[in-house]
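Below, chain A partners chain B and then partners chain C, in two separate complexes.
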Partner chain A sequence: MSDRLSVRKTYKLFIGGAFPRSESGRSYVVNDGKGRFLANASQASRKDVRDAVGAARKAFGGWSGRTAYNRGQILYRVAEMLEGRRAQFVDELHATGLAKPAASDEVDRAVDRWVWYAGWADKVGAVAGSANPVSGPFFNFSTPEPTGVVGVVAPDSPLLGLVSVVAPVIATGNTAVVVASEPAPLAAITLAEVLATSDLPGGVVNLLTGRRAELAPWLASHMDVNAIDLAGVAAEDVRELEVAAAENLKRVLPPGISDWSAEPGTARLTAFLETKTVWHPVGV
Partner chain B sequence: MDFEYAPAPESRSVVDIRPSYGLFVGGEFTGGHGEPFKSIDPSNEETLAEIATADEADVDRAVKAARTAFEKVWGPMPGRERAKYLYRIARIIQERSRELAVLESIDNGKPIRESRDVDLPLVAAHFFYYAGWADKLGHAGFGGDPRPLGVAGQVIPWNFPLLMLAWKIAPALACGNTVVLKPAETTPLTALVFADICRQAELPPGVVNIVTGAGETGRLLVGHPGIDKIAFTGSTEVGKQIARTVAGTGKRVTLELGGKAANVVFDDAPLDQAVEGIVNGIFFNQGHVCCAGSRLLVQESVAEELLARLKARMATLRVGDPLDKNTDVGAINSAEQLAKIRELSQAGEAEGAGRWSPPCELPQRGFWFAPTLFTGVAQSHRIAREEIFGPVLSVLTFRTPAEAVEKANNTPFGLSAGVWTEKGSRILWMAERLRAGVVWANTFNKFDPASPFGGYKESGFGREGGRHGLEAYLDV
Partner chain C sequence: MGDAGEVSTETLTSGPELRAFLHGLPGVDQVGADERAARLATRSIKTSAKAQAIDLAISMVDLTTLEGADTPGKVRALCAKGAHPDPSDPGVPKVAAICVYPDMVATAAEALAGTGIGIASVATAFPSGRAPMEAKLADTAMAVADGATEIDMVIDRGAFLAGDYLKVHEEIVAVKQACGDAHLKVIFETGELVTYDNVRRASWLAMRAGADFIKTSTGKVAPAATLPVTLVMLEAVRDYREQTGRMVGVKPAGGIRTTKDAVKYLVLVNETAGPDWLTPQWFRLGASSLLNDLLMQRRKLSTGVYSGPDYFTLD
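Moving on, here comes the complex of A and B:
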């Protein structure tokens, strides 16, 4: 056994491309599958939610204004970076209680999921848009556009579930404020390190760790959040969050998926799109 | 020289208004158990008919009729058969379009020129369009065999009574759902004639049910546990109430709500065309239009010239008898709406904006409001932020395209927007940045069944029209 003492990582939040601690100064204990101490994770507060929403809003214009091709390139780059850190993620998932082969399988699927969504960035417009044959001398077309800032309450599947809810949101040009799994938040922060080194502009994805019951209501009621994905919310908490979300008519994606290894389809991509229709007269 | 117009009234003889109307449930006209209400002609305040109010038991009866029809008849029916019913309905609407147009103008107050040339052709076209989808749903991009949702509860407003009915019922039926629809309490008459059209078309009983009443009837319908899907068009305030009511129930919802559209005029725009577009944008249907161009954003360098032309054009608008074929601006739909328009206009003056209306003689009886514009409007003014839903235009100015975008998007709404410029690249640049569901470039207030319509942000969610409109009524 080596007598060298390892250098541990401090798990912090990811807001606006930086890694701050919670403004509240709080942290909470994260244990491994056997109940042994793994790390102290930041316990984000209402003000961290506010700062994250601010960062996401600031990033929205630039990110949604990128070409779809460029967004696809960056998402693919995320997959590359994730692949490069396979061993680290496998260890981290193993620590949560997953057997090594299962952990390895989950990382494979997470990488493949980024690749799936990376390819969608410049195709969703063709599939969800249309040229509309109106009965008059007008050129009329509809295009899908990102909804804006999307709040994401991530499921407890620490990596594959997280990737499955974040990638479709940002592939189309939305920006995200993500509340990571409460019991298994560490892979989320390591994923943030991947995002931070993938040319993803700061603020496109903001990751918070902490108490879901504390953070989700602030996200659901925030007036500058345009939509919310409740993937990680328990059934009994959905109603209260949907009521809060009604205040500014957020688009709400209710929970429902438990098996994140299933084929994802396009439902999560299209849930956070608006259809814009443009008319122009035709004439000489 | 001042030219006088001779009156050119459309004949009312084509319409036969009964003294009282019941609900339409399970293919039969039946009584309602709530307190009946009166529908009046807003142009002269005369009572048109007494209308039944559906209470809880009546709504329940209608939902059950719709459920039975869904399970026994309409759900299992092949799409090609559903299609033919919808084609039948479209044709009967065309056959009875004059009657429906006159009745719409009498009940709503809108000019016959609009009900005849805009509302009714669009109503028929909407049924015709969605009829064709009924047997092609597997090709619409929602999977090979997309299923209907079940029973749809639909609540519609008074500004385009029959057109909003068509927007709701046509796609719902095409997708295989059955419906319970509540028309607005000030404009129920054309919906009840539509019920008669369903009978003429021999539509199976219970596929379409019409329940009349005020807000309480709507609440009962929205809250009914037997409803699978709610579609609402109306105010953002009520839309939010519905979203709260439905929270946690798993019911599907689409909402088409308020707006405060910016109509942006650049200095290179063809000004005479822009003036026509501005007038059409805000004075069409007395401004009772959720997508009305109620904020004019004009580039500073042409503001003075544009305003002079706009005022000259407004002075030619003819306000008066909705059934006169020369009328441009009809009656405000209700005393309540008139009070709201007056209150917001007074707020505009009180907050320091300059109010102007052309000289305009308004009828003594009925609900009337002269076409009005406000200059010197600040973004913080209520008349720049709140939906007035009347013939009132707020004028703001800008210097750069970026400022135009900033101001246009500075609203919680996002239903529509207009752009006027001769420069194609600028149109597309603006269209990309305007956060609105419909962008009209060098035109305004154009509608078509093939064209998706619906809002961003607090203007609601979901689309009506086109292939996109099917999604609201399919289990996808």
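Moving on, here comes the complex of A and C:
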């Protein structure tokens, strides 16, 4: 009966806290689980990668300089916003082919995963760092520090997988350039809307949608990216990206997880940390 | 736009004559100038043309440090960078000049000896220009005596805006005399001149007073150099050469930070004044952070991967 025109969302990129279209002006068709048209998503180019890395680098000083406690608070705020958009995420996952109850379950897990990593933000320093006993009149501390700008090639699990690779990277103070799942990028852009409205400074997370094979090599070879997470890369493409990443000695986290609902552990949290050891004279 | 064909170019000696001449210049179509500059800025310069443009832009840079915190060490470091912008690649051209405050000229002259790089010094109470005439001339003479090969003077914007064109004219003539063999660049501070008409008038005023270069801004006032303002100045130097046969250079300064910006200026020069101006002798870019971006883009073209600021010197 309603003759209202439908108002559809334009899915764009998320760079530096803004939602630009791809510099190239391209887009690609995203289909649902049954192969029916769902939406057009932006098809990012290498220049979008460059811009995103620039934004992430700019944001790194401020984000890594915040107290871990404050980062934890902001991440928890993200979880609150995620919870507020439950219905939207459930619909979006349902559209990719998941049954309603399964989609609902997946969103629950994603929110819980985000809360779990938010809690780790101010604890990882105590767990991964140490006060070292040394023979001499010194205090000796080892503290974990963020690596820098981390490139993330997200897995195809549209929400839980994405959350599981993004949250640990930023919880420890890194900034991220994320290439979303190629077949299921829509939930990633909705997640970007959540991030944009939850006190997360612009540029801490930058999300690109498009062809993985086109974007990943630029991310892997970029000299201003300090680490790369290859979670969503197919086994046969890993070697080439590792070679490209070796040029500036990036930390590389190879793919390996296929079941994202399993207990995550702290491996991803500590993968993008560097340890700084400081000697301080006692009694000065 | 922009021809002053009907007006006489013989020396005008009285205030009213000068005023009549400058106000007789045709007005600038502001919307047209903005539109033309914006249109030219959309040109796409890629691959080998881009590589050429980057090298040309590097050779046109007046590498500048004009801070209260400048130290001799910083000036020497900047001079070394100007001579070898990218030490890992000897193919990178050297910059056109190093631009410093007058008291740093001697340091720069020592560091640049034998490199062929110009030593530019700001003078005449830069950036405000608010000082007695004697002080301005002494400022200039001492910079030249210390070894400056180029002097960047600021005009008295107060006098210009009050309509006292003769005073501005006489000041430029006097400073030009104090310069001796050094090239004189005249800074208008276009951000304070308000209208494009004023920019055109200031351009003609400075060129007739003997300026070798006209320069947009000090870099201390926003807006600094913009494309339309540079367009108006390029039209002025083009028309001036048509009438008198003398070539005057142009130098936009301030706010030019990216390779893309620099290439836009080069397109503007080529399309407005013509290719004769596309050399470091007639066109300069006053900048500091621009050089690193040019070097990063240059390395991207030569290696095929994006570079980062970690691999270039801080300045």
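Going forward, the second predicted complex is superposed on the first by the 281 of 284 C-alpha atoms of A that agree within 3 Å, B and C clash if a C-alpha of one lies under 4 Å from a C-alpha of the other, contacts with A are read in each partner's own complex, and residues count from 1 in each chain.
Just so it is clear, contacts are C-beta pairs under 8 Å (C-beta built on N, C-alpha and C of every residue); 3 or more make two chains touch, one makes a residue touch a chain.
Owing to the predicted nature of the structure, the values given are computational and were not obtained by experimental measurement.
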Q. For A:Glu247, is the partner it touches chain B (first), chain C (second), both, or none of the two (neither)?
A. both
Q) Does chain B (first) or chain C (second) touch A:Asn132, or do both, or does neither? A) first
**Q.** First (chain B), second (chain C), both or neither touched by A:Ser258
**A.** neither
Q. Should A:Arg57 be classified as contacting the first partner (chain B), the second (chain C), both, or neither?
A. second
Q) Counting only touches as set out at the top, which of chain B and chain C does A:Thr67 meet: first, second, both, neither? A) neither
(Q) Tell me the contact category for A:Ser221 with respect to chain B and chain C: first, second, both or neither. (A) second
Q: Please determine whether it is chain B or chain C that touches the greater number of chain A residues.
A: B
Q.
Which partner chains sit in contact with A:Glu274 here, chain B, chain C, both or neither? Use first/second/both/neither.
A. first
Q) Which chain A residues lie in the overlap of the chain B contact set and the chain C contact set? A) 247
Q | Touching residues (chain side chain B, partner chain A) in the complex | A | 125, 141, 236, 239-240, 243-244, 246-248, 250, 255, 257, 412, 427, 431-432, 436-443, 446, 448, 450-454, 456-458, 460-461, 463, 466-468
Q | Contact set on chain A toward chain B in their complex | A | 65, 127, 130, 132-136, 138, 140, 142, 147-148, 226, 238-240, 242-243, 245-249, 251, 254, 274-281
**Q.** Partner chain A, residues of chain C touching it in the complex
**A.** 304-311
Q) Which residues of chain A touch chain C in the complex? A) 49-50, 53, 57, 218, 221-225, 244, 247
